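Some structures are shown below for you to check.
Okay, so subunit A shows up in both of these, paired with subunit B first and subunit C after.
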Partner chain A sequence: MNGVHDLGGMQGLGPVNPETDEPVFHAPWERLAFAVMISVFAGGNYNVDEFRHAIERMSPADYLSTSYYEHWLHAMETLLIEKGAIKESELAAKWAKLGKGGA
Partner chain B sequence: MAKHRHSEPPSDPALRIKALESLLTEKKLIDPAAVDALVDTFEKRIGPRNGAKVVARAWVDPAYRKRLLADATGAIAELGFSGMQGEDMVVVENTPKVHNLLVCTLCSCYPWPVLGLPPVWYKAAPYRSRAVIEPRAVLDEFGVKVGPDVEVRVWDSTAELRYMVLPERPKGTEGMSEGELADLVTRDAMIGVAKLASGKKKKTPKAGGLKSRRPR
Partner chain C sequence: MPVLTKAMVPSAVATGGSTRVKARVAAKFKKGDKVRTLNLNPLGHTRLPRYVRDKVGVIETDHGVFVFPDTSAHGKGEKPQRVYTVRFKAREVFGPSAGAKDSIYADLWDDYLERA
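Let's look at the complex of A and B:
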């Protein structure tokens, strides 16, 4: 299917803007996202094609306005919920708890 | 399509990944500590230095170069580099008449074992959209001048194939050792968004290739 991820040839998205002396991860949370991703993969929860497809199903506005590792976050959450490994309500409870400074 | 979600995720991605990690750990679905060493390897050891060694070997050893262009996965594995996102490698060679450029228009496919994890610009919309429609303008932004008589070939990754560019060996490097040659090779040259400077006069770019040459 086509979609916003199919960016080849699209115009108006601006200059490339490479970063000088770019670090591998830009923040500790990106490193953690990578670690969780590898760990979830190793657990056989989904395959790489499902993962890519979960990113491709993002809403176009979200896709273009969020970063690479935020795409990963979205895909991990989406697939783990769809496959029944976690419940959305459990995740929302964690968000609420951590947002208040809990663990 | 994905089911509509009832709860909006928090805007802070750090909170969001901590929440997911905490939940998955409670359910014993993951063990991030177990992969910490692997992540560390990606952060510190796997990177464009690996690809640079492949390039230098190809420059000094014509038989290796031939194997690399015929069966990149096998030839790269000879130097000990293989694994995730490098299972099906293709190496494309720059010549005085051909300049190769790599992109993944659909996502962010990149040859991890030889180049490490991709830079942000490679994964972002501007590069992915423009590399295939105006590669010469993109190259110009990176400071790469490609003459009108030179063919630009853009390679868009598929779900399986991962590409790497074999840059031209710079002039004036005839007497250099393989190790010295590897030090000349930058990440950007192996993506195709840089040309390599001659080994002699100019200050040599770091093999990490993290310096942008884009004029601002």
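Let's look at the complex of A and C:
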């Protein structure tokens, strides 16, 4: 699809500045997201092409203002709901609980 | 449902789940062949970047047979086919402001290409 992810040749995004000694993860939750992603993938919930497409379907504004692992989390949530593995209401309830300082 | 076991973790992390398949599929093109990319704008998933659509390039490497993402992303089967690295002159892609000596390489599936 002609999504915002297809950035090649686009201008105005500023220089590419790789971090020196870039850590594999920038926050503890990213480490967790990586582990969950591999497990969910191995569980046969979806294939890698469905995963990429789920990221491409993000709203362009959200896509550009969120990080790599936030894209992963978005795709996992989208696909697990679409495939019926979890319910949207379950996810919303969990997010609400986390928002109140729960776990 | 399959479960990710400890023994599977190293290869899963190292390969990122490669979509290479063992199916024997004949190559439509060989190294050195001149090809033109199709001007595809599908509503669904594709790995043909916008900036190399309807451009002429040369087959650089034949990587073997892989799942076709455009069908695989939509439950329409693996449609295994060859993936090639195609070399485009930078000026073919981005016009006269691009460097005369620069090239752009893209890994592209057979279904994105026609003979030029």
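Simple rule for what comes next: the second predicted complex is superposed on the first by the 103 of 103 C-alpha atoms of A that agree within 3 Å, B and C clash if a C-alpha of one lies under 4 Å from a C-alpha of the other, contacts with A are read in each partner's own complex, and residues count from 1 in each chain.
Everything that follows uses one rule, which is that contacts are C-beta pairs under 8 Å (C-beta built on N, C-alpha and C of every residue); 3 or more make two chains touch, one makes a residue touch a chain.
All values reported here derive from a predicted model rather than from experimental measurement.
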After superposition on the shared chain, which partner residues are touched by A:G8: those of subunit B (first), subunit C (second), both, or neither?
-> both
Which holds for A:S39: it touches subunit B only (first), subunit C only (second), both, or neither?
-> both
Could you tell me if A:N17 is touching subunit B, subunit C, both of them or neither one (first, second, both, neither)?
-> first
So, does A:R31 touch the first partner subunit B, the second partner subunit C, both, or neither?
-> first
If you count the residues of subunit A that each partner touches, which comes out higher, subunit B or subunit C?
-> B
Please indicate which partner A:G84 is in contact with in the superposed arrangement: first for subunit B, second for subunit C, both, or neither.
-> neither
So, A:N47: does it touch subunit B (first), subunit C (second), both, or neither?
-> second
Which subunit A residues come up in both lists, the one for subunit B and the one for subunit C?
-> 6, 8-9, 38-39, 42-43, 48-49, 52, 56
Given the complex with subunit B, which residues does subunit A contribute to the contact?
-> 5-11, 13-22, 24-29, 31-36, 38-40, 42-43, 45, 48-49, 52, 54-57, 64, 67-70, 73-74, 76-78, 80-82, 85-86, 88-92, 94-95, 97-99, 103
Within the complex, which stretch of subunit B touches subunit A?
-> 1-3, 5-7, 9-10, 13-24, 27, 29-32, 34-36, 38-39, 42-43, 47, 103, 105-108, 116-117, 119-121, 123-133, 138, 141-142, 156, 159, 193, 210-212, 214
Using the touch rule from the top, collect the residues of subunit A that touch subunit C in their complex.
-> 1-2, 6, 8-9, 38-39, 41-44, 47-50, 52-53, 56
Residue set of subunit C touching subunit A in the complex reads 1-4, 8-9, 12-13, 16-17, 19, 41-46, 49-52, 67, 69, 72-74, 93-94
